[in-house]
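Take a look at the structure set out below.
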Amino acid sequence: MAVTICTHPFNPYEVLQAYEATHLHALGAIGATSLFIGTMRDFNDGDHVKGMTLEHYPGMTEKQLDKILIEAQNQWALIDSLVVHRVGDIFPKEPIVLVAVWSSHRGDAFDASRFIMEALKSKAPFWKKELLLNEQERWVAKNSHGYQSS
Amino acid sequence: MAVTICTHPFNPYEVLQAYEATHLHALGAIGATSLFIGTMRDFNDGDHVKGMTLEHYPGMTEKQLDKILIEAQNQWALIDSLVVHRVGDIFPKEPIVLVAVWSSHRGDAFDASRFIMEALKSKAPFWKKELLLNEQERWVAKNSHGYQSS
Amino acid sequence: MSIKVHYFASLKESIGRSKDELIFTEPLTVYDVWQQANPDKDRPNQILAAVNMDYADWDNPVSDGDVVAFFPPVTGG
Amino acid sequence: MSIKVHYFASLKESIGRSKDELIFTEPLTVYDVWQQANPDKDRPNQILAAVNMDYADWDNPVSDGDVVAFFPPVTGG
């Protein structure tokens, strides 16, 4: 179980390979890996976005993400879980968040990764400020709900 | 949209990076990537398993998987989707299946990847024959349902 | 008229062959194909059927040149 | 007794500072902390509060050495 806050761009596939190589020992027990990658779009709320700054609350971020992973581990039969989240200046196409869940059976992996992602969206203290094409800045007001297209 | 049947081991993270580099052009529109990797466990139905052979119905496999991806594209707002599936002789820890879905919003990606995986499990003509430690072989009788731990 | 028949997985093993070719003159259903190809075997439990690589009911008609397949529940993924 | 107060994101910008330190003698709630630190500002709409890095209700008590934070709805992920 690990939570990492990154101040620089990360390649989720390299992070996953490194984490699996160093942290996952019961590989023969793993039947299901569910992964989610959130990346920065160049379009939001009808406007082109050329960059964003992600502020967070150091310490509380890690504490809340740890609690979310523990809650997931308690609720489903998981082998391991991982969250990586960017902060600082981010540009379109760059990954913002990676959620990974390893389990024996796919139901647990699917349920837990979605739970972790929704919990992160509603509880982890990150705030996005978008930079628009006309150099205007605006704070994103509220995350959308993740259980329907929006 | 692509379906690939592999007769040799594949690294899902390398496959994903290659696919994204060559097939995904609207990267700035992608906000959500949902991935599922099914790997071979060394344990099933109370027995250690040392290998398996995955038989399939060439032609029908691709036809059914294409239909599943089209159905997902019709049902959710997806940017692209990919299924890679192993056949032949497989050993524990090796990936069996990769499902990838790219979309603008996470709800679509989560819903579609799970739908594709459940549809694949119930409709794609693959059959697993397990090789047990005592050299006995047995056909897997039926896939479990993916919406609860089992 | 002729029809190709394929068998897969445990069904192929229990039948002891992977394919048949049927020549016929009367209209047939999927079930008729099973019976003509396996006159000494009842329709096995839980076996699925496909015609031209799409799932088919056992009372579906088959036509000249069709490919019919019989197989157990699928277990991929 | 003393309490540290942190502000984040758009709230930090509208208040014009990122932290305060309050010295007090009477027992305080989270709401009291807001009022004493911002006597000229009503409790802003939708602002969330945390005490020692856990979410807290505005009527929760705070103790000597606590760290209180105020911030808008989170928008990570």
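Labels A, B, C and D are assigned to the chains in the order they are written; within every chain, residues are numbered from 1.
Keep in mind that, in the parts below, contacts are C-beta pairs under 8 Å (C-beta built on N, C-alpha and C of every residue); 3 or more make two chains touch, one makes a residue touch a chain.
The structure presented is a predicted model; accordingly, all values stated were derived computationally and were not measured.
Common neighbours of chain B and chain D, by the contact definition above: A. Chain centres here are Cα means. That of chain A falls 48 Å from that of chain C. Centre-to-centre separation between chain A and chain B, using Cα means, comes to 23 Å.
The distance from the centre of chain B to the centre of chain C, each centre being the mean of the chain's C-alpha atoms, comes to 27 Å.
Averaging Cα coordinates per chain places chain C and chain D 72 Å apart. With touch defined as above, residues shared between interfaces to two or more other chains in chain B number as follows: 38, 106, 117. For chain D, residues touching at least two other chains, in rising order: 77.
By the document's touch criterion, interfaces exist between A-B, A-D, B-C. Residues of chain A that touch chain D in their complex: 38, 54-57, 59-60, 63-64, 85, 96-97, 117, 120-129, 139-143. Of all the residues in chain D, the ones that touch chain A in their complex are 6, 8-10, 50, 53-55, 69, 71-77.
Contact residues of chain A toward chain B in the complex are 13-14, 16-17, 27-43, 76-77, 92-93, 104-110, 113-114, 117, 144-150.
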